[in-house]
Every structure is written in structure tokens, then in C-alpha cells.
Amino acid sequence: MNTMSLLGMFWKIIGAIIIAFLGVVLGLFYKGIDRKLAARMQARVGPPIRQPFMDFFKLMIKENIVPENAVPWIFNGVPIMTLVVSITILYYMPIGNISPLLSGYGDIILIVYLLTITSIGMVVGGFASGSPYASVGAQREMVMMISYELPLVTTVIAIGWKLSQTYPQLNIFSLAVINAHPIWGLVGPLGFAGAILLFVTLAIVTPGELSKIPFDAPEAETELAGGLLVEYSGRNLALFGLADAVKMIVMVSLTIFLFFPYNIAHLFALNGVFAIIVDSLFFLLKLFLIIFIEVTFIRVAAARLKIDQVSYAYWIPLSIIGLLGLALIVLDTIIV
Amino acid sequence: MEYMRPDEIVKLFKKRLNESAIIDSRIETKTAGLKKSIYSVIWLQIRLENFKEAIKLLCTIQFPHFAIISGNDIGEEIELIYHFSIYYAERFKEISINLTTRIPKKNLKIPTITDLIPGAQTAEREIKEMFGVTIEGLPNLPNIFLPQDFQKGVYPLRRDEKGVDKTVRKEDEVRKVE
Amino acid sequence: MNLSNHIPILIIAIPLLAAFLVPLIGRINKKATGILTTLALSVSLILTIALAVKILTVGPQVYVFGATSPSLTLPSGLKFPIRIMFQIDAMSIFMGLITAIISFVGAIYSLAFMEHHSGLDKYYSLLLLLTVGVFGIEFTGDMFNLFVFLEIASIAAVALISFRGVNLGEPAEAGFKYMVVSSIAALIVLFTVGIFYGEYGLLNFAALASVIKYSQLDKIALGLLVPVLAMKAGAVPMHMWTPDAYSEAPTPITIILVSASQASLYVLFRVTFSLYNITLNTLAVGWIIIIFGVLSMFIGVTMAIIQKDIKRLIAYNAISQTGYMLLGVGVGLAVLANPVALSTYGITAMEGGIFHLINHAMYEGLLFLTAGALFFRTGTRDLDEMGGLAHSMKYTTIFFIIGAAAISGLPPFNGFASKLLIYESVYRFNPLLSIIAMLVSILTLASFVKVFHGAFLGPKLPKFEEVREVPQSMVWAMVVLSCITIFFGLFPDLIVKNLVHPAVMALIEQFKYTGTVLGGI
Amino acid sequence: MPTPMGFELLKQLFKKPGTNVFPVTYYPDSILKLLEKVEKGEAKVHPPVEIPHKFRGKIVYDRDACTGCKLCIKVCPAEAIEFIPDHKKIKIHVDHCIFCSQCNDICPVNCLSMSEEFLLANTDRLSSKLIVE
Amino acid sequence: MKLNKYFERSLWVFHLNTGSCNGCDIEIVAGLTPRYDLERFGIKLVGSPRHADVLLVTGPVTHKMAVRAKRVYEQTPDPKAVIVVGTCGTSGGVFYDSYNLLGSIDKLIPVDVYVPGCPVRPEAVINGVLQAWIKLEKLREEMKNAPVK
Amino acid sequence: MSKMTYSIPIGPVHPSLKEPVTLNFEIYGEHIEKVNLAPGDNHRGIEFMGRQRNPIQIIYLAERICGICSASHPFAFCRAVENAAGIEVPERAQYIRVIIAELERIHSHVLWAGLAAHEIGFDSVLYLSWRAREEVLDLLEYLTGNRINYGIFMIGGVRRDISKEQIPRVRKTLDFYKDIYSKIEDVFLNDPTIALRTKNVGILTKEDAIRLCAVGPTARASGINKDIRQDQPYSAYADLEVKAITPDILTGVVNGDVYDRVIVRLLEVVQSIQIIEQCLDNMPSGEIVAEKKLVKLLNQLKKAKGEGIGRHEAPRGEVIHYVKLNESELPEVWKARAPTYNNLMTWVPMLLGQQIADIPIVVASIDPCIACMDRVTILNKVNGQKSILTKKDLHKLSVQKTRRITP
């Protein structure tokens, strides 16, 4: 990195800007779709798909109130930090067959940590607001973060390990590599089952990571009046909204990279620009499907769980599922 | 004890409490529906001294369902009506019993019934706050309805000088008059 | 015979001299003591850096006291190193750097922090002695001097831990605990010295390493050394002394104590790698160390989360961080005998562990310093007492955030760099290890969010109305550490390539180590 | 989720939503322009859910029939009706009216009746739209 | 106070009951349900006044709630609008002549739109929102012509 | 504050409450240590107003005690006045009254089901059930002329008849409910997440229910099969076979938790449908009101002297009105008691030991009607003498609490 030519740097910056822009736009766009679909499932017309954009622009002109108990520079800094971090994650993500902007050692672990930072951002923001509701919300977010970390990490490590067994010399944790070698191809029947378990784990971690129903205890509308965002208004709220949107993209693409990194361009013997276009489109399609399954549908088809139920669900059953998946994959490798 | 008809209940009261205790008693029977099926309401007016034992007696018949206490400011006295119903949970059996008693304004005191029927607490506190009746034996709880800083000695449902005198008239009286 | 050959002794000698000068100066002027100490330590810092450059470019250096060659020719014509000597290779100087930086920072910090205490002259001379001891442990080339320096350090440390007053309960207790622990350690070391001398008639590491044959006695020696050194390093389950000592000692001392424990960690590595190396059953010993590591990580952090005393909390986290180093190096040791595994991930793991050593010293120091700053202003270490300090102590808050982020391994701070190395190598040895490691760092994060919320966030408390930012010197001390923290975080490959990797290699390649001494013979 | 609700939702996804899109489906580009168009009759506003016969909407007053008997004032629960002594007529303040139509029932000459208009939102509660006389 | 055309396209609503009889409240909620679905217009019920753009106030103001209502109004960040739903909020309706009522809400906080009705039908609520849109758009026009300072 | 409990005020303005009421909780960890009710935010002094109005005006006042029970209060009030003045209500009117009351019950219970789902964050169910609810509202509008606050009750009868040609429409709606009902029941009783949130939450034992004089579904869910329509049948109920619904009808056991209350309400919807159908089947012909001429009625009431109570089983439980007429235009006493007035006290045993997350659903589970409940209270100040902490203290305490529960 530090030995990078000036031109390369320049291009990277351009790319960074583009990706940031794309990420935000896509995020809001998919949020719109999510809301629309949810509405349709509830037999409503629902808001227009561009609604999230309007919400954003509206919030940008709203007055930005800082409660007197809050520590202003933290209170205002956190939303920006959260947004920046979640955009940074995008730079490590290959889209279709376009290689990621940044890449180095263990991107995926880096991503896991960056995701943590976004959650921590919310937590600190909540605490910084100095309202009891926000504090309770922040504590819940904290508890949840710790709870879903184990299953998430298990999934990531398990897949990395499998790859490392097959290709010892590759730089395993770089997403590009994982993207290039789908897990399903590497494992036998046992491992296949394991991989499925791992997918389930990740699919259930995702709504928690995005704190969507049934895991939205931290922001429980009817209990905590908006939870850790209760004191936020105007610009800060808008930024949090963006961060949330981007985070959704990130989490879902994570699922895609780990489990469905397939491209279709080569099927049509395409190459060059067309390949890129086709694959990107295909990627968007995958994004849409996974979002529908992991976010929208679960969101509308479940009631909110209590925090202790959430934490139990992640610590015990889900962790067990994850570890089981790992065990199966290991077994698969040892036996074969 | 076994089911008693309204008149039997009144008799029971007359028997258990001494004659003078029951100032006035009447049994209403009402009909309903096409079949003109009958249900009855008992009105008993009881001397203040015997009031508590009347309630006790009532409780011996069956743990009564306590509804509410109505109050009325009649000149020198305040009339309280305790609305009960017994023999509920059985078709056509339920009987409403209304125990009336009058408290002289000189000495507004009445024993609490919360020791027998905890559910009556809200109602008693309400009466206390609305009519300034001292409920003896009711733990001195904070006002449930009136604020702490509510004007002392003002009891909204009183008709005498202790009631709220000026009320906020409809806000655009003025407009109307013009 | 230019001066540069004498740097090693100078590094030790200057603080030592200063240590004896300080009381004299103290008679004239209290203030001067601090200044003198700082000067002395700064000089030795500069020298250390110079030496580091030399060693990393030229190669290991052997400094023999009172002669040019360590060896002494017996009438029989047999040659073996017998003289007192320092043997400084990449690993030792790596440790030396840590100590130099930390002690220097500690000295600066003390200037303001200890201002209002009495008996400053004692304090400073003890501080210097402690530093000398630590330096010695890291530089010495033979077992016996190891014991000597160990003792020097321990005694100084004990005095310093209970410096806040023997009549006060906790400091005395903490000091006593430390005394017991370190004297046991010293005795055991002395015992092993006896064993080795009895068996081989040698004390010099290199010489020993060249002849050691992992006999029954050696096994015993190892079995004695490993736990004892782990204890000195504060690894679970022999960690009971750490929280007390760390939290009760004056903050500048605390951070030097951290580097002292790391020194004994260094000795542990030195013994296992340079002394025994592949002669021993690496897998078994490796696993033992790994288990020490995992236990420390997990128990340390879980204990940390429930603490109310900010310094104790950080201390427990220190324990759990020690676990990471043990884990990384332990994996390295476990696969030492297996060149393929070693080359694919063993070395990376060790790099992670060693790199974490210096990172840990930096951010742990930073955190302790911020904790000290809070104590300095609020006069309490109880989290429930504090609150809303971010309003008034902005810099401290920022430093704390940096430190906390680093210790919980959040990018882009140095903690992440080293932990990443550990994760992405250890999981190949055993995936579960990585999972635990990552989980632990999240828990660490949780514990620090708790501190952050408790101490800094929230409404301004009336009782802390007059609280303001800490004095210059303390701020600067923290600035130094946070700069290093961030720098290491941003350019990890630079550090790893130039500083850490050589150190790791120095550990792994035993023959080099022996060669430097015996080669001259 | 394989819950009853889950299936229900999936079914619903492909059904037509049960929404009555009054007055328009989405927010128009400019509400004022839309209203102009509606004035001109170029655009159409989707009607509300049809209201039943004998719906109690805004009150209608037949000024000539009224005899000024004040019975309506007697029963009006909301004091929405104001008597204007000098010409023995009444004035109904719709912003007070609770649409109980009690006055219609009691009026001896049936000069009061309920219309079907219920979209009474107004930026000024004293506007002439909300006063019937 | 800034305004842009997205403001009225995503009005977030905070529902404030100052002592109403529930009729209007449930009709407001009904307004969100499939039959009427206010979310079509980007209207969404939020839990905290900090997030709100519009206050939907129902009911005659009891003295107790008067304090709250004022506080909520102050907590709501600018720009904001107030829509009174129901007759009793508009003028007091049946609730007059009591010692505990403030009467209509406009005595307390500036009101933009009144929606009489007892209770209002959900369509009437939509109509009220419509009035608010018109008002806002007019306001924007003015600001474009003569930018307020 | 011994165990570092900290206090959270819920309400009067809180998204989980559609009406203002203040509950102060002392929370330890996530668990409720102490509950302190402070109702009265919604008080309008209705009984006081009642003193200055004639009975006909009071009907509409009573109607607006609560918008959701806007048939129950007039029903009870009219019965009270009739008893006091000795007015006989024509049978047809009695039947119409019952039909309206039962339609209201359907509307109220379905509404409640939706809100309950909303409280536990299950908005899809909210939408499902409220979509179903629109049907009955349309019907009520069709019969009475307004969706809510029907204004159909009149002393001595009803104001509008249900004509022959209206009946098919009614039956249509009932059929609609018969099939939508199965769907709703399926969702509520078979959804795992709903079960997770409602089972063994907010338990009210039968003893407590009796001692605290609970009424309505709240009492029935605790196993007291108390229902005025059964115990002391009035109006047309006297001719119908009404049985009080208790959860064991469906499950065989009585737990008295939120889940049981759900069951009771759902079953009562079915019951109401049956009742209405019976009413439609044997609805007698005849007058719909005792005295057509309102002026005459007013005079009659002015002359009347006497007292009477009127009771009615509202969706939420027993409503009881007491009226005393004393030969004057204005009634001397008008006392109204709504079900929530009694049920309010049951919150305390239900909420103790529950979690913060349970508050909304438990509070909602008695289907509170604060508007009803508060009609009598005068001004009220938040949380009596119990020291409600300032925002700062609150924060401070929550800070301490964080230390315990993070993570």
C-alpha cells in the first residue's frame, strides 16, 4: 500500500468516491424495496421506492438538537464515524468479478471488526445521549453485539479454515480469494451439511447485526420509543439512517461472498465490459433475493423478542449450530 | 351457604343487624327480553354505626364483587352508596346489592372496607378526595386522583361552599357573545 | 575500541549512576530529581535506539565485561565462555526498546503526577533501579546474572508498589504479594541455575544451549522455569498478584511493571527457544503455553468485565492480553519442529505474539496513564464515582478512546495489526483458538465501553465542576504513547518487517544465538 | 418463517393490496398543480370509501324553515348552536358540532339535516366553511 | 427555518393524546392500516418527538397534559407542523364547562390544520394532511419569492 | 434505590400507550421491582359536567367517555335512567341494542388483538386484524351513521331501526368474520414468536382477580366465569344462551397470563357473532323507542324521581352507571364506572418481576381504557409523593445499572 504509485492512489480515490456514492444509493434503494415489499406483504400499497431518499433529504434540513446531558463532540461525531466505517467496509468488497478497492491481510476479519465498530458507534451514541431510554437501548445493543459475535466468527473462521486446508498457500481471508473459491465446491457430503448449517447461522445473525425485528430490542419502538436513537434528530439521524442502509448491503453481500460467490458471465462466454455488467447485475439480483429472505421476510413474519431471549438464542442454539457446522466441515476434511 | 332469594337476604340482614340498623330496604325486580326474565336489585339503607358489620355480613354470604362507591351531597349529610353484586358466575343468579349510608358533615368519617375487599381501595380514595370523607383505617396513601398541591379543603363534587366554585367555561364564550 | 561498542553497558550504567546521584541531588533540590531521572532515561532511550539500529543492521552483539572475548582458555586448552557478558540480539534489543520507551514515558509522567508526594528522591532512584533491573534481564547472557537482575528489579518494584504508604492497607498488601511472588521466582531461578551448573558446569545461555540434551534434570528445570516465569508474567492461574500490584502502584510505576512482566515473558521465550529449542518436545510444551494463554485471555477478560475499579479493570485486561502473546508464541513453539507448518503459519503466529508484546506495552501504558490522569483529577478509581468527565477532560478522553480501541483490536490501531497476525495464523493450528481469541477481544471491547460510559459520558457531575485537563507533562507522556500506537497501527508491515521479524528469527534460529558467542571461540 | 403468518404474508405478496387510494396513490409532484387540474377536471381524485345512506356529516340548515324554537339548543350536547336573537335564527359552529344529529330529531320543522360531507379539514377553525347559518 | 420539497413528502408523525376519548386516536392508527395506508405518502408514526415533523394532537387539553403538550412541542425539531384531529381538540366539543380543561389546543401551541369530526374518519385525517401539504407548498413558494431570514 | 434500582417513567406520552397514563417503574437490571400508577392525565371531569346537562345531552357525554366503548356507556346510562324513571324499553329496541353492543365487542376485540400484536412488534398482525376490523366499522356506520360514537342509544330505546333490507348486509359481515376469524385465531394461537412473548407473562391469579374485583376478560382469563350477560341478563341477553368464556374451554387449563387473555377475547368474538345471529333470527317487531317525542321525554324525565343502576358487559368488562333523578331537569347524581377502573389495580401483580420489554404487552393485555378510567379523577400530578428522579439522576442510575448488565 505505502509503495503505491501516485496515479494508482489517484484512481483509488476516484474509485473510493464512486463506491461510497454507489453504496449509499444502493443501500437506500434496497431499503426502499424492502419497505415496499413489506407493505405489499401486509396488503398495503406502501411508500414509493424512493421514499428513503426523501426521508434522508428531509432529515438533512431538520434542526439538529443536542440534549444538554450529551457530550456534544461525541454525540455529533458518532454518526459520522459510523457512516464512514460502514462505507469503508465496502472498499473491501468485490462486486461481481470486479476486484475490491482495498485488500490486504485478512479482509474478512477486518470486516467483522469494522462491523463491530458500527455497532459500538450506535452504543456510544446511545450512551452519549444521556437519556434513560437511550441507555437501556445501548445496553441491549451491547448485549446483542456480544451475543451474535460467536456465531458470526465461527462461520467466518470455519470457511477460512476449510479454504486453508485446500489451498494452503493462498491469502485465505482476503474476500477476493473466498469469492473465487465457493465453499460448496470444496466439501464432501458431510461438509456440505456443515456449510448449510453455517449459512443458517449467518442468515440469522444478519437481522441481529442490522437490529431488525425480531432482534430489534435496542430500538424497540413500543418499549423504548426508538431506543438508542431516541435523542437523535435531524442530520445525525439521517447519517445513522445511511449507515444502517449501507450496513444492510454489507451484511448481505457478506452472505453472498461466503456462500453464493457464483458469477454467470462465463456461462454466456462473455468477457470484458459485458462480463462486468452482467455479473454486477447478477450480483444486484442476488443482493435483492438475500435481502428479501434475510431481512424483509423475517422482519414482517415475526414478533420482537425480549433481550434475554435474543441473547439466549444467539449464545446457545445458534452457537451450537455454528460449531456443529464447523465440526462437520473439519470431520469432512479429516476423513477424506 | 346455599343460595338465598333477595327477600331472604334482606331478612338475613334484618336478623343479623339489630332492627334499627336498617333504616330503609327495598327490592326492585326488573324484567328483560321477550321472556320477561326477572332480575332483582336490593337497596338497603344502613345506619353508619352498623355499616361495617353489614359489609362483614355481606362477605359471609359470598365474597361480593365490589363495583364502586357513588357519593351525593345532600345538604347536611353526604350519602354514600356502595354498589355490590353477589352470586355472580351463575346464570340468572346474580343479585345487585346497593348499601346506602349517610354521614353527617359534622363528622365525616367512615370505616374502610379495604381490609375485607382490597379492590375497594381506589374507590375509597376517590371518595376521600371528592367529598372529603375521612376513611378510617385506610393507610394514608398519596392522592390517587388529586394532585398533592391541590387546594386544601376543596372537594370538587361537594355542592356546598367546599366545592369548586369557578369552572372554566367553554373557551370561546366570548366569541359567542360578540 | 570506539564508544559504540560500549553502548550496552552505558544503557545500564547511566540509569544506575543516576539512581545513586538522585538522593544527593534531592538534598539540594526536589524538583531536580525528576529532571535528572528523565534525562538519564532519555539518554538510555537514545542509546537503545542507536544500539537497535546497529544490531538490526550489523547483527547480534556480545559485550563482555572487562575483556574482548567471553571465553577463557583453560590450561587444558578447552575454551568456554565464563565471563560476565551481555548478549544482545534482535529479540533482546526489541525488549530493550520497549523498556526504554516505557520507562522514559513513565519518568515524564511522574514529573507532574508525583509532584505532591514526599520522598521523591527515593521514588526516583527506585524507579531507575527498576529500569536497570529490567534492562539487565533483557540483555544478560547468562543464567546467574539473570537471577541478579531479577532480584534488583523485584526489590525495587516491591518498594515502589507500596510507595503510596506501607501504613495504607492495600499498597502494603500488594507489595507483599509481589514480594512473595518474585522471591519464589528468584529462588526457583537460582535453583535451576544450580541444576544447570551442576549438570554442565556452564551458566552461559549460548554455551548451555549448545550442549543441552534434554535429560531428566533439564526436564525438571524446564518444568520449574516455565510456570514460574509465567507467574512473573502474570498468566492465569498464577495471576493473583497482578491486579493488586498494577492498581496499587503509582501509575508511572504500573506501566514500568508491565514492561517488567514482559521481561519475564521474554525470559520464558528465551529459555524455551534459545536454550532448549527443538531438543524438547515442542508440541507438548507449546500446548502448555497455549493453554496458559487461552486461560489468561478468557479468565482475564471475564474478570475485567465485572470490575468497578478502573485500574483493576485495566490490569485484568493486561492479563488477558498477555494471553494473546502466549498464544501466538506458543503456537510458534508447538510447530517449531515442523518446518512446513512453521513456514506457513508458525512464524506469522510468533510475529503476531511478539508484535503484540510491544503493542501491548504501548496501549496498556496509555490506558494506565489515562486511568492515572482520572485518578489525579478526581481522586477516585471507582467507576461509580466518576461520570461526565468527557466534558472537562477532552484530551484524556481522546487518549482513552485510542487506547481502548487499540486494546480491543479495532482497526486501524496497533492492537488490530498484531491480533490479525495471530488470528489468521492460529486458526490453521486449531480453528477454535482463533474463535476464542476473536470473542475475547469483543469482550474486551465491552469492558472498555463500560468504562467509557461510566467515566466519561453522561451529564457533568457537580462534584467534578472544578476538574480540568491534566498538566502538560502528563499529556505529553500520553501523546508519545498514542502516537506510537497509531503509527504502529497504520504501518504494521514496516514494523513487522524491520523489527519484529528479526526478533522472531532470533528466537527460532538457535544456532545463530549460540554462534554469536561460541563463534568467537 | 414457517408460521401461519408467514404463509399468509407470502400469499398476500401476490394479491392486490386492499388499499383505497384516496385521494391519489402517491404524493403528486405538486399538490397545488394537482388541485388546479382537478378544478379544471383534467385530473381525477380517487373517491374515499363510499359512505352509507343516512351518514351523519356536516350539518345543513334550512334558514327559512327555522322558527327559532331553540329546542335544538336545548339538546345540543356541545353548545355548537348559537341563537341569534335579533332575527330569531340559529348559527351552527361546525368546529363544535359532534355530529350526533340530535337537533335533527328534535327539530319540529325539520329545518336541520345531515349532509354527507365529512372532509372538513381547514387551516382556520373560524373560517366561514365551518360556520353554518 | 429551512424547507425543501422533500419535507412534506416524508412527514413523520408523533401522536399526542391530550385527553381525548380514543375515538380519534384509533382512527389515526386506522389511517395507517391497509385500508387507508398513510405510509403511501411517506407518513410514519414515530416514537420520539425528536424524530417527528408533525404533531397529531387529539382531545381537549387537560391541565395535566397541557404541560406535556408544550414540552413535546418544544422537543420537536424545526421545521414542524401541528395538526389537530377531532372536534374536541379543535374547540372542546362536548367537553366544556369543566374545571380541568383548557379547551382547544391552539391556546397552547400554534396549530396549522384543524380536522373537525367526532371522531374523524381516516380519510378526514388524510384530508387534513393534504391541507398541511397545501399550506407548506404555499409557504415554500413564498420563501422562494421572498426568502425569510 | 438500595439495590441500585432505577426508575423509568412510562407515559403519559409514550408510543406503547395510545392514551395518556403515567406508570413509574423501579427497574433492577431489566426487571421490574416496583410499580407506581399515576392515572389522571386524561381526566376531563365528565361527571361534573354531567351535572349541568339534561339526560339527553349526557348520553352523548357518556358516549364520549371512551370512543371504543361508545356503545357501552350509553347503554348502561340509558338503562340506569330507565330504571330510575321506570321507563319500559320495547323488546325490538332491546334486541337492536344488543346487536349494536355485540358488534362493538367484535370491533373492540379485533382492535385489541391488533394493538397487542403491535406492542410486541408484530405489525403484520396489526395490519391483518385492523383490515378485518374495517368490515365491522363499515357495518356499524351503515346501521348507525357513524364509525365510532354511534349515537344510536336513546333513553327508552334506540334512535335507528334495523330494517328488513339492512339485515342481509349484517349477515354478510358476520359470514366474513366467520372465515377471517379462523385466520386470526390461527396466527395468534400457533405463532411461535407470539407464544414466546405472551405465555407465562403478566400472570394474574384467580385469588388476586377476585380480591381486586377484576372484571371482564381480565377476570375471565384468570378463571372467574363472571359475565353480566350470563349472571344478570338484561335486554335481549335474557332470551339468549350466553355463557361466560374462560380459557380452559380451549386449552383446558387456566394460567391467567396474557396468552389466556388473548384466547378469551378471540373466543368472545365468535360468541358475539352467534349472539348477533340469534338476535337477528328472533328479533320481534314493534316500536324501537318508548317515547318518540323528545320534548315529552324530557318533561317526563324532569318529573321523574328515583334512583337506578344500569349495568352492561362492555368488551372490557362490566360498566355500571348510577343515576339519581330528583324532579329536576338535571340529574342529581350521575356516577359512571368503567371496567378499567377496577382492572387498573391488577397491573401491579401482573407487572412485578416482569421485564421492561413486557410492560407494553402486559399493560395492553387488560385492554386499558384510560379515557373511561380517568373520567372521574380531577387534576393529577405525575407519581404522587414517590420521588420520581430528575432526568440526571435517572441517567446516573442507568449508568450504574449499565455496569451491572453490560454485557
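Letters A, B, C, D, E and F mark the chains in the order given here, with residues in each chain numbered from 1 onward.
One rule holds for everything that comes next: a residue touches a chain if its C-beta (ideal position, glycine included) is under 8 Å from a C-beta of that chain, and two chains touch if they have at least 3 such contacts.
Predicted model only: the values in this text are computed from it and were never measured.
Among the remaining chains, the Cα-based centre furthest from that of chain F is the centre of C. A comparison of the B-F and A-E interfaces places the larger number of contacting C-beta pairs at B-F.
Between the CA-based centres of chain C and chain E the separation comes to 65 Å, rounded to the whole angstrom.
Rounded to a whole number, the gap between the C-alpha centres of chain B and chain C is 81 angstrom.
Once the centre of each chain is set as its mean CA position, chain D and chain F turn out to be 27 Å apart.
Centre-to-centre spacing of chain A and chain F amounts to 45 Å, using the average Cα coordinate of each chain. The set of chain C residues touching two or more other chains comprises 443, 446, 449, 453, 457-459. Shared contact sites, meaning residues of chain A that touch two or more other chains, fall at 39, 41-46, 48, 69, 127, 130, 138, 142, 146, 221-222, 224-225, 300-302. Across the assembly, chain F contributes 14-15, 40, 43, 45, 48, 60-61, 64, 122, 124-125, 127-128, 131, 149, 191, 193, 378-381, 392, 395, 399, 402, 406-407 as residues in contact with two or more other chains. Partner chain A is touched in their complex by these residues of chain F: 6, 8, 14-16, 30, 117-125, 127-128, 131, 191, 193-194, 196-197, 355-360, 391-392, 394-395, 398-399, 401-402, 405-407. By the touch criterion stated above, chain A contacts chain C in their complex at residues 2, 68-69, 71, 73-74, 105-106, 109-110, 112-114, 116-117, 120, 123-124, 127-128, 130, 138, 142, 145-146, 149-150, 153-154, 157-158, 160-161, 164, 168-169, 172-173, 326, 330. Of all the residues in chain D, the ones that touch chain E in their complex are 17-23, 25-27, 30-32, 35, 48-49, 77-79, 93-100, 118-125, 130. On chain A, the positions that touch chain D within their shared complex are 37, 39-46, 48, 297-298, 300-302. Of all the residues in chain C, the ones that touch chain A in their complex are 344, 388, 390-391, 394, 397, 409-411, 416, 420-421, 423-424, 427-428, 431, 434-435, 438-439, 442-443, 445-446, 449, 452-453, 456-459, 491, 493-494.
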